[in-house]
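Here come two complexes built around subunit A, the first alongside subunit B, the second alongside subunit C.
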Partner chain A sequence: MGGPALLEVEDLAVAARSRRGDLEIVHGVSLQLGPGETLAVVGETGSGKSLTMLALMRLLAPPLAITRGRIAFDGHDLTSLSEREMRELRGSQMAMIYQDPMTSLNPLMRIGAQVAEAMTAHGVANSEARRRSLELLARVEIPDPERTARSYPHEFSGGMRQRAVIAIALAMRPRLLIADEPTTALDVTIQQQILALVNELRRELRMATIWVTHDLGVVARMVDRVVVMYAGHVVEDAPVDQLFHAPQHPYTRSLLAALPNPTDQSRPALVQIPGRPPLPTEMVEGCPFRPRCAQAREACRVRPVLEPRAAGRAACWVPVEEWRP
Partner chain B sequence: METVLANRVTRRVVEAVLALLGVAVLVFVMLRVIPGNQITASLGTEASAALTPSQEAALRAYYGLDQPALAQFFGWLGNVLTGNLGISQRTGQTVLDMTLAALPVTIELAILATLFGLLIGIPLALLSASRPNSARDAVGQLVGLAALSVPSFLLGAALLSLVSKYLHYNPSAQGFARLFEDPGLNFQQMLFPSLVLGFGLAAPIMRTGRSALLEVQTQDFVRTARGKGVTALRVQVRHVLHNALVPIVTMTGIQFGYLLGGAIVVEQIFSVPGIGRQVLIGLQQKEYAVVQSTVLVIALLFVLVNLLTDLLYRLIDPRVRAS
Partner chain C sequence: MTIDVAAVGLRLADGRSRAPAWRRLLRSHSGLVGILLTGIIAVAAAAAVLGLTPYDPIAQAPIDRLKGPSPTYWFGTDQFGRDVFSRSVAGVANSLTVAIVAVSLSAVIGTLAGLSAGFFGSRVRAPVLAVTNVLFAFPPLLLALALASAFARTWFTIAVAIAIVYIPIFVRVTRGPVLSLKESDFVKAARVLGFPTSRILLGHVLPNILPIVIVQVTLSLSWAVLTEASLSFLGLGTPPPAPSLGSMVLDAKALADLAWWTMAAPGAVIVTFVVGLNLLGDGLRDAFDPRSGDSG
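What follows is the complex of A and B.
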């Protein structure tokens, strides 16, 4: 990584608050990101990856709230900023692309106005914002920007809408881009186009980027490092090559084994990890992956902490050399 | 596309005509079912009981009550269709002239009341929805509940008596000033009745608005707007409120329609010569033509307001325009 980190998250916890107490869903996530670096956050649905990202943007909606931890971004501690100070960072320094383009645009507002708003919110004059929104729409490869800027979201396909959402996110050239499963809601043919577009823009604008995904294969070629989350915990954090070739956590290994590999005839077409992740309401003693883990032993009844392993970090008591095949 | 629109318009017109016909029949029957008629109303029950059969027959013929009901109905309907709404024996004016005088007053009152209703109801809804289940929400809801529970005759009478007693101010004591003759006095006279009506109107607007706002707030595009760094106020107004407008407009349209029917009680308390009073006096005098024709005009306005509400949806939501 080298140099000072752009983003440094320490022990970040997110909980659903209620009168009867907090239900913790994200249990102390830590991660770092250097300027211009790309990170993938992978995990199954419900592993807390999207909530973690919303927490970074301070966009959690009640009853969800940050209950613990520190988010250092470019010298600010985001958890202690006022809503006003946070608003100034949102959209200008850090921006997000969301999962579902069908619902993430205002249905009553013209596309051009929604893109322009991302700039006027940060003091860009109306006329300037309008002019730049046309450029942005052209940059995300929306045809005939003059005309499409006057369209409403319902006149756009899913892929086109996601392009508009990308234009919104990039409007102020943020230093950090969070792409929260930007392709899951799209047709397979469109997915690749969107991924390629974001990747290209990321390089062009030299943005640090976090890709959130449940599909390791999708981002393998585009990221520097991967953080693996399981049941609200970071279980492994490693450079992408090491993660694919020498996973340091049994869960990561299971995820890799579950990747479909059409060229490998010796394996069954689909491999499953037995069982399911625990729900936030289910307390697992020790390691959260223990009930599904092939390597589990007595020591795993105590919760492992994230410790340096090889070139990354992993939260597992069992040394790789002792793993059963 | 055009035929779809044409079909829809045709359907709306047919529906409207049927509704108006239903109203006409209903009012006609109701008037004849309730005890008393124009003879008892003008002479009093005792005097009319003392009438000789020939006197009674002459009066019945004079008022047109000797005709069979069907003939009365179609005679009146035929006249209405040719623009003759009948004549009031009490005032000697045509019902058309009376309505043309009373209607602008009622429309003015309804518009002012709706404005007050929106001015009170929408900020309350925004306040309540900005932090649901908090102290703010409780205040908003409490005011809404009060507005819903306090009857307008109570609020109206209280306002009138308190202000005139302690502030020695009662613009309604003078003769009614029409809007274009004396706008200043007219506005003073309209202020209290429209405030009272607006307060009552604020309650359903606030409740509808609050639940619509709460629903819209949870939608993804609101998060997108916040993610852009848009200020909280602008998110609430430009994104949330705008998307919550359809149910609010529906509720306001319905309430506005009712107001056009004349706020009988409030018009009476504040001596506003509106359409509600016209119906009420017509009913007291058993002037069948006055009541029937006025109610029909009110029903027609109601239908028009509904149509206007539909047009407003198209203005608010581009998806309605497209479909």
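What follows is the complex of A and C.
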């Protein structure tokens, strides 16, 4: 990977705590991210990707809690920081943009004030914050910032709001940006603009970025590496080219096969993976993907561990050469 | 290209924007009548506080006892020859002072309690709700009666008694919305941005529940005026000789056959004021309701 990692997550587990015991939902996720690197975390709904991101920012609400593991961010061990120290990191060093821009802005505050508040909360003087908020609004391509800064969120369209949310997230020039499906709620035409904008700003500010998504196509062109999650496990972690051309885990291969390909007439328009992911309450013996896996065999009754494979890592006992087509 | 799409979005959104709350309030019938009625009473009360009544409300004029309404005495006089109009207006001022102090106290305490009960975990929530439920279990008038008789009978004691009775209402009314606001994306976003809890609570959650608090304050004011009148009528309200609407009705009870105006005047003032405040509260609720259209 070269150079010290900005973010290093080791064996991170998240569980729902209750009097009858812990129900583990994220089972020992490990990932690494260098400064300025971009990573995509892909997985189906319920695979634990958003939960992992919340855990990274230490924002899990009870009964959810981190039950084991280590999160190293820029030399700090986040699991041992006090809430106050964590608060100083949030928003200034690590920021987040989310799915639904329609609800992530305060309806009663002017846009400009919301951008400025992201800075004043971290000690920037009012006048300075005001001046920089206009620059930021201009930077995220919101027209006529002087005027729009005085608008309320309901006067903005979805795309405009997402631009404002991005301006807020980037206000303190964070070193890590987590984008949790930032385009899901937007029109397809706006999606590309927002993706391009974030990608451009990421390069400009040399921010490490984690894209959380269930859409492989969206991120294929703008990330360095992809982490594939399934049922709370990382099943594959690979450079983006390798992941698309030589997937090392049967689940990744099924995901890629499920991507619609209108030019390929030889297969059905939509391919599905049979079955569904296990619920956290359902215990699967061995590999969590085994019940749906075309490659499953006796060895898979023992849970595989994430091991180096080709240029990345994968959690599968069956070597790619032995896969059935 | 990018700019074009965004600009179109902005224009569309502009066309949808709604009139501000106060303008929608003035456009609704109940709001307008409510403002008018409460306005008249409030102006009269303010005048009384400044001593601008036609006669001194506690000055006695034995010669002019029990005079009916006339150009000299608009609402007539009582058994001591005191001007009923001046006394009614001064009574409103006293009742209103008690009601305003009481409702301010309960609104501030109740809203803060509701905020914390909704926002924080069970260690804060449980005791707040326990106290709220106990206070709720008391019949309002009875609690006020007990407090008014247990402590020195000043207008402030009365105000505190009424305030305690109304605190639980503010806790209940604010806690629900706070619970849902706590889970709203923009409050979560504020946590992601590393805002301190105090800033999130006072800067983001409180402003969003303020419309509810304002409506509740208006309605509670009308109930507080009624409660104060009831307490005074029972002889536990504002101490004499200061005029109070409730004690005026009490005094007039004995004179009902002789001088109907001594009872009608304070009664009419109470009714006007309470109806006015209720209409105003309804109008405010409609004006703040995001679901109400712009048609009204």
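Keep in mind that, in the parts below, the second predicted complex is superposed on the first by the 325 of 325 C-alpha atoms of A that agree within 3 Å, B and C clash if a C-alpha of one lies under 4 Å from a C-alpha of the other, contacts with A are read in each partner's own complex, and residues count from 1 in each chain.
As a convention for this text, a residue touches a chain if its C-beta (ideal position, glycine included) is under 8 Å from a C-beta of that chain, and two chains touch if they have at least 3 such contacts.
These numbers were taken from a predicted model, which means no experiment stands behind them.
Superposition of the two complexes onto subunit A shows a clash between subunit B and subunit C.
In the superposed pair of complexes, A:Q193 makes contact with subunit C only, with no contact to subunit B. Between subunit B and subunit C, C contacts the larger number of subunit A residues. Once the two complexes are overlaid on the shared chain, A:I142 sits against subunit C while remaining clear of subunit B.
Of the two partner chains placed by superposition, only subunit C is touched by A:F156; subunit B is not.
Once chain A of one complex is fitted onto chain A of the other, the partner contacts of A:H122 extend to both subunit B and subunit C. Within the superposed three-chain model, A:M283 lies out of touch with both subunit B and subunit C [touch as defined at top]. Subunit A residues 57, 59, 87-92, 95-96, 98, 100, 103-109, 117-118, 121-122, 154-155, 165, 168-169 lie at the interface with subunit B in one structure and with subunit C in the other.
Subunit C makes touch with subunit A in their complex at residues 2-3, 5-7, 9-10, 12-14, 16-17, 121, 184-186, 188-196, 199, 203-204, 207-208.
Within the complex formed with subunit A, the residues of subunit B that make contact are 218-221, 223-232, 234, 238-239, 242-243, 316-319, 322.
Subunit A contributes residues 54, 57, 59, 61, 83, 87-92, 95-96, 98, 100, 103-109, 117-118, 121-122, 152, 154-155, 165, 168-169, 171 to its touches with subunit B in the complex.
Here subunit A touches subunit C in the complex through residues 57, 59, 62, 86-92, 95-96, 98, 100, 103-109, 117-118, 121-122, 141-143, 148, 151, 154-160, 163, 165, 168-169, 189-190, 193, going by the rule given at the top.
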